[in-house]
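Letters A, B and C mark the chains in the order given here, with residues in each chain numbered from 1 onward.
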Amino acid sequence: MSSSGYPDAGAGFLNTAVAVARKDLRIEWRTLESLSSMVLFALIVLVVFNFAFDLATIRELGVGKLVPGVLWTTLAFAGIVGFARSFQIESRSDAMTALLLAPVDRGALFAGKTFANLAALVTLELVVVPLSAVFFDYDLLAVAGPTAIVLALHTLGIAELGTLLGAIASRVGRGEALLATLLFPVATPLFISAVKCTAAVLDGGGLASASKWLLIAVGFDLLYLFVGLATFEYVVEE
Amino acid sequence: MDGFLRRAAIVLLPIAMVMMLAAIWMVFAYVPDERVMGPVQRIFYFHVPAAIITFFSVFVLLAGSIGYLWTRHTAWDQLSRAATEIGLLFCTIVLITGPIWAKPAWGTWWTWEARLTTTLVLWLLLAACMMVRAYADNRDLGARLASVLGIIAALDVPIIYKAVDWWRGQHPVVFKAGEKTPLEPRMLRTFLFCMATFFVFYGLLLAIRVAIVRLEDRCQALVEASSGDRA
Amino acid sequence: MSDRPPAVAAEDLTRRFGSRVAVDRVTFRVEPGESVALFGSNGAGKTTLLRILSSALRASSGAIRIDGLDYREDAVAIRRRIGVISHSSYLYGDLSALDNLEFFARLYAVPDAREAAGRMLAAMELDERADDAAKTFSRGMTQRLSIARSLIHDPRIVFLDEPFSGLDPHAAVVLRAALDRLRAEGRTLVMVTHDLPQGLAMSDRWLLMERGRLIDQGRSAGVDARDFENERFRIRRRAAPAGDTAP
């Protein structure tokens, strides 16, 4: 409180992040635009992959060889649709300016948006991963636990990068194509780790055999959480 | 700043020229044939320094990006721009000399070997940095976005290197013949001299490119000033 | 002389875009509770100046103090006490009116955000449409909702950028009433407007900008809009460089 009794601050970091995340999720809940596009796109990509590699080939090679790559490629491309939309809603009535005028930490805006994107991606995975088990005929239930851990860890990293790079791409106005061009090279370590971990899990090796990859994923997540919190404001201001 | 760049360029140019000629002599006349791969191995003396310079340029990019976001002085951004472009140039050299070496040595133009793959991803990152800067509506926005992207990319490089390395397996293909066994003295000398030559060459290119970028910026400012008066 | 600092104090404010100077060494003050109208032709730099004052844009050089505070040290405290009404609505079209207001109330740490949002909607006569998506609102209603958003946190200083533009007569009346209320409550208003009579009627003082520079200012009381226009014309001729005869 200032000496005149007038409040001197807005919402703190956590409250701001929560408010932004709720706002984004509420919008998504009302329109389901983002989620439906993501799910539909993911389905199409899965079907295309099924034409690219048929069931006999997969059985020959073993589930662990093909499914992880197909799965993560699908999730990444579908995720990009969501990331682009996350910033479209801010630019429609210039709401982003209103966010910048608010007495809040800009890093908290990043945290809130990342969380909302994470939630959207997780929802996408809840649909796509079981479907991939059906399409590619592998036993998901047997490895549900480790799979969930691998998914959670790597989806967080993708959400962070997708939010930060999505903000950059939206400022430049070129949309999804640019975002894909930015996301894939930057996310290379995360992608490799995701495929390796998923392969280890599906092949029955368990998480222990992929421990060094989990380490890379955790390190990556932490690094880009920090980078995002620190640099988001430079991307969105003005 | 402009004076310093001009003096640097004037000093470095003759040094670079002499060193280049000396390096070419060393690589093609002085150093002996490598016993396993034969004459084609001489590309190693250009290929490896180019790769090291690329990584060095990424480091310069990181410094320039952080410097710009911290101080907002255009000079840092001008440095970043030059480092991005020259880094991309040397990266391209690595990606061209690699296959030229690979074909005679292994019979295939390309292999998803750890270092080549990392270099390819790095090339994509640097190209993306240039693209974002070019697509931005105005200079300041482009500088800011490219700086953030530069930081993201530069911090990523070591992680990409490690991840790709592990992806390829524990023992990467012996790419640098002679690294496993101590290099013959003439080879070592040639390699170090080429390394030095490339550094001098990089310094020269950087100085000239930054100077040109500064000139471009001044031209742009003059153009805007003259059209602004009529508004 | 009150011991409260000026609500807005700009000193030598300059903003360059490349080498075009949009705002050129502007210096002025607005006392707490004052209402100031900012006039000027298109491209004079009024909107740019307003954006700098509200921190939507950084100045290239110069100083601003809002309520005695500097953006460089107390940006959060300043943003907490200013409100901005612009021709962008700053609303999320897919969210309901209530959700929109609640979100911003939370950002500004307004206590009991949802209740405060409901009360604000009632005050703006929008409570019947509280649960409707903002994109279904008419222009006038959107403007009212946008004002509600700007005032939900009870700002002491309000910046307005051509708030009357594009409004139908009814909406303009509602807006005028709202702004009169703000003035009566002692808030500080800085309003960019093209509407001379409206601007003069609603302000204590006026500022005139031309080509980025603040070329004149004065009290609004008793000023006739038509005389002002003529005088402005003369002033602009004086300020224009020799040889420039464009009106």
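FYI, contacts are C-beta pairs under 8 Å (C-beta built on N, C-alpha and C of every residue); 3 or more make two chains touch, one makes a residue touch a chain.
Predicted model, so just to flag it, every value in this text is computed and none were measured.
S.K.: Kindly list the shared contact partners of subunit A and subunit B, in label order.
M.R.: C
S.K.: Hey, which pair has more contacts between C-betas, A-C or B-C?
M.R.: Pair with the higher count of C-beta contacts: A-C.
S.K.: Please find which chain has its CA centre nearest to the centre of all protein CA atoms in view.
M.R.: Chain nearest the overall C-alpha centroid, as shown: A.
S.K.: From the centre of subunit A, which other chain's Cα mean sits the farthest off?
M.R.: Measuring from the centre of subunit A, the most distant chain centre belongs to C.
S.K.: Suppose each chain is reduced to the average of its Cα coordinates; what separation in Å results between subunit A and subunit B?
M.R.: Distance between chain centres: 32 Å.
S.K.: Compute the distance, rounded to whole Å, between the mean C-alpha positions of subunit A and subunit C.
M.R.: From the centre of subunit A to the centre of subunit C is 39 Å.
S.K.: Using Cα averages as centroids, what's the distance between subunit B and subunit C in whole Å?
M.R.: 50
S.K.: What are the residues of subunit A that contact at least two other chains?
M.R.: 238
S.K.: Listing for subunit B: what residues touch at least two other chains?
M.R.: none
S.K.: Over in the complex, which subunit A residues touch subunit C? Could you list them?
M.R.: These residues of subunit A touch subunit C: 2, 6-12, 15-16, 19, 22-23, 26-27, 30-31, 89, 92-95, 97-104, 238.
S.K.: Which stretch or stretches of subunit C touch subunit B in the complex?
M.R.: Listed in rising order, the residues are 17-21, 43.
S.K.: Within the complex, which stretch of subunit B touches subunit A?
M.R.: Subunit B reaches subunit A through residues 69, 121, 124-125, 128, 131-132, 135-137, 140-141, 144-145, 147-149, 151-153, 155-156, 159-160, 162-164, 166-167.
S.K.: Quick check on the complex: what are the subunit B residues that touch subunit C?
M.R.: For subunit B paired with subunit C, touching residues are 138-139, 220-222, 224-225, 228, 231.
S.K.: Given the complex with subunit B, which residues does subunit A contribute to the contact?
M.R.: 164-165, 168, 171-174, 178, 181-182, 184-186, 188-189, 192-193, 196, 212-213, 216, 219-220, 223-224, 227, 231, 234-235, 238
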